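Going by the order they are written in, the chains are A, B, C and D; count residues from 1 in each one.
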Amino acid sequence: MSTVEMSTVEHLDRKPLGRAELAAVVARDIPRGAFVNLGIGQPTTVADHLPADSGVTLHTENGMLGMGPAAEGDEIDPDLINAGKQPVTELPGAAYFHHADSFAMMRGGHLDVCVLGAYQVSQRGDLANWHTGAPGAIPAVGGAMDLAIGAKQVFVMMTLFTKDGTPKLVPECTYPLTGLACVSRLYTDLAVFHLGPDGVKVAETYGIGFDELAARLDVPITRA
Amino acid sequence: MSTVEMSTVEHLDRKPLGRAELAAVVARDIPRGAFVNLGIGQPTTVADHLPADSGVTLHTENGMLGMGPAAEGDEIDPDLINAGKQPVTELPGAAYFHHADSFAMMRGGHLDVCVLGAYQVSQRGDLANWHTGAPGAIPAVGGAMDLAIGAKQVFVMMTLFTKDGTPKLVPECTYPLTGLACVSRLYTDLAVFHLGPDGVKVAETYGIGFDELAARLDVPITRA
Amino acid sequence: MTTLHTDPDEALAGVQDGSTVLIGGFGMAGMPVTLIDALIRQGAKDLTVVSNNAGNGDTGLAALLAARRVRKMICSFPRQSDSWVFDGLYRAGEIELELVPQGTLAERMRAAGAGIGAFYCPTGVGTPLAEGKETRTIDGREYVLEYPIKGDVALISAHAGDRLGNLVYRKTARNFGPVMATAATLTIAQVRHVAEAGELDPEAVVTPGIYVDRILDLKAEEAA
Amino acid sequence: MTTLHTDPDEALAGVQDGSTVLIGGFGMAGMPVTLIDALIRQGAKDLTVVSNNAGNGDTGLAALLAARRVRKMICSFPRQSDSWVFDGLYRAGEIELELVPQGTLAERMRAAGAGIGAFYCPTGVGTPLAEGKETRTIDGREYVLEYPIKGDVALISAHAGDRLGNLVYRKTARNFGPVMATAATLTIAQVRHVAEAGELDPEAVVTPGIYVDRILDLKAEEAA
């Protein structure tokens, strides 16, 4: 990727991305033929935006490659669910495996991309997405930490600001961490960021210019 | 086993055990329904002496449970071999698995018994069976060390003395070790020994009395 | 040797107070509901339960928790929309929780079954779940030292089993079953179908019979 | 994405000098003979080869050794009745040997594929093969610290593969193939049959396509 000449694309004529538009932008950036894990919740919707000829194979950490769309009606089979425990379908060429093999696949770096939601992402790519840390909250981690450190690239999708306007791209995460320096790309309603050793680069903006974006964030950003 | 009252049986009226007789004595002591790995060479012949209703399941470390007898004629299939690379057959209820799973089964202590040959066994159950240590000898270990430490019980079968009369049951092995304190029973042409925290106990003798046996060995032995 | 049972209470006999019980399933897929119900009737208490979740609704594992039989849960994802039984016990300080990332949970049980003493795992490094754990940098990457989780008993659900204990699963209901079967001293599997030895394809057996001590035939149980 | 090849030389393209090459097979079962022959023609040198044995007779791996392409062998059992090529090179000091117990060899590759940094293994404790290695006592048992073996390339043989790279094996020819497929950056499998996506039973797939980069169709090669 480093040899590709890039520059920040400012979509000033567009509004901030809606949830479906954001999923479509993520889907656009998933390489053809990739093996991909889509996290529970919003990331799951990325599948709806993959082109029919994408050649993308979906992994679900509860033991399957070649997962198809959500099951409906007679297709529903209690033995065939995704990581969110929703009934799904099986595509031709699927394979099943047990949990240790499934997470060996993940931890071993064999998945090309995983897409996750987040509470916060730090400028060096730390991820916080499993626990608010609120007193009394019962912690639950599931596969979040395994996903964070396992895939070759971790894409995060989230709104850039909380409802009260606080940035979720932060100098240091204040929420409990899921993984260190693991996020490679951050997809938000207002901008797409590439994270790496050179810091935070802005690949695209939506309905906001680079300078205004820079002014609203507490982390240094540069043009891609 | 510790609650069973035992005593040394001296078969003074019999000759030392021949190879087939020795294999039959080992087979006699394999519990019904046991999962067993028979090492390459003489241990393999123990299978010929298991009763038809033994319920014993044979494991071969190259990835199979439920191994049948040697294949002959049309049965020979180059894809179906034992650890000694001889063609074998498959029994109903067999299962195949890969090498990591096969040795996980062994290392994890799931096999009830393995039967091995040896150059030397020490009085505390150390095993030397993989390498003579002779200068110029090319070392080869195969699955010997995995077998030695993996099974719940390790039975060794060998002649008790070398051709020149040197005992192979020794105070300390002089050959390179395969495993420490791993041998539970030693089956030889002259005697069957049980090894454990209480030292070396003689369960049976063949064609020799306990006292003469004790005199010919350099290790302390006791009656069972 | 595997024994075949038609009575769930007989299949569960002998579980001791204070046992560590591995319980398969991910959501309801692969959940050994009949065995859990029998465990409740059986009455063993002070249990440590290892399972991906911590019970849903008021049945199955949730009912076991509600009956105050569980001292400690080891799981990855206790908090769910319908985990009110666990939530209540946890908030009242009446149950201990060890939270483990899902892949590490599977790998720790795999290590127990495979005779691995401990392993260096990249998951969770730098997060609250690694606090207090030994770490080590290997080839420039940081790892956390993780220890095996061994069960006294595993309760799992499979699709079919033969009389030798070989098991096959169905779709994503496979999940933790094969790993837990290797990690427990006593493995009990409920199956929908019992097959004769030789009926299951030896290439497709997922859990070889060596790992399975008791099979509960659900069909016979339903008919009874 | 898996690519399908009918020309062995094309399937082998790009192997670099100095690579670590994992070569499947136990004896002749599962030996990727066609791929090894292509590797000899391809010409890569200074190789480290990881395989259970170190070549038999004058063909296959023995021919690769005879062509002086291999700097180092990592294996469990180099010495065989017909390993004269290896024996000669070894005695002449022209090849380096790292001898690894068979199960540890498999587990070290499994660790590489599963993202495990290192593991404590009971095999070989107190033997010459543990000399110089770090040890640790865990729960009263001594273990040796073992590190992953990662391949640049894996050459394996399977029974059938589909166009997505899913593989099934046959009987004990499975052996090291599935483990090596997970442990190499570039995995090349020779198969006897190529299937369409969906032809292989998803429950019986042993190596999911994510681990397989190139498939060589032996049938097409024979027909050519």
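Criterion: a residue touches a chain if its C-beta (ideal position, glycine included) is under 8 Å from a C-beta of that chain, and two chains touch if they have at least 3 such contacts.
Every value quoted in this text rests on a predicted model; they were computed, and no experiment measured them.
Note on connectivity: the fewest steps through touching chains from subunit A to subunit D is 1. Between B-C and B-D, more C-beta contact pairs are found at B-D. Put simply, the C-alpha centre of subunit C and that of subunit D have 33 angstrom between them. Rounded to a whole number, the gap between the C-alpha centres of subunit B and subunit C is 35 angstrom. The centroid of the Cα atoms in subunit A and the matching centroid in subunit B are 55 Å apart. Centroids built from CA atoms put subunit D at 30 Å from subunit B. Residues of subunit B in contact with at least two other chains: 90, 96-97, 104, 106-107, 150. For subunit D, residues that reach two or more other chains under the stated contact definition are 107, 110, 114-116, 121-122, 169-171, 202-203, 206. Chain-to-chain contact here is organised irregularly, matching neither a line nor a ring nor a star, and falling short of all pairs touching.
Chain pairs that touch one another: A-C, A-D, B-C, B-D, C-D.
For subunit D in complex with subunit C, the residues that touch the partner chain are 107, 111, 114-122, 136, 138-139, 141, 143, 147, 168-171, 201-204, 206.
By the touch criterion given at the top, residues 60-64, 77-82, 85, 90, 96-100, 102-104, 106-107, 126, 131, 136-146, 149-150, 176-180 of subunit B touch subunit D in their complex. Note for the complex: subunit D touches subunit B at residues 26-30, 76-80, 83, 86-87, 90-91, 97, 99-104, 106-107, 109-110, 121-129, 159, 169-179, 206.
Taken in their complex, subunit C has these residues touching subunit B: 1, 110, 112-116, 162-164, 166, 182, 196-198, 200, 202-203, 205, 208-211. Residues 32-33, 35, 55, 57, 59, 65-66, 90, 92-97, 104-111, 150 of subunit B touch subunit C in their complex.
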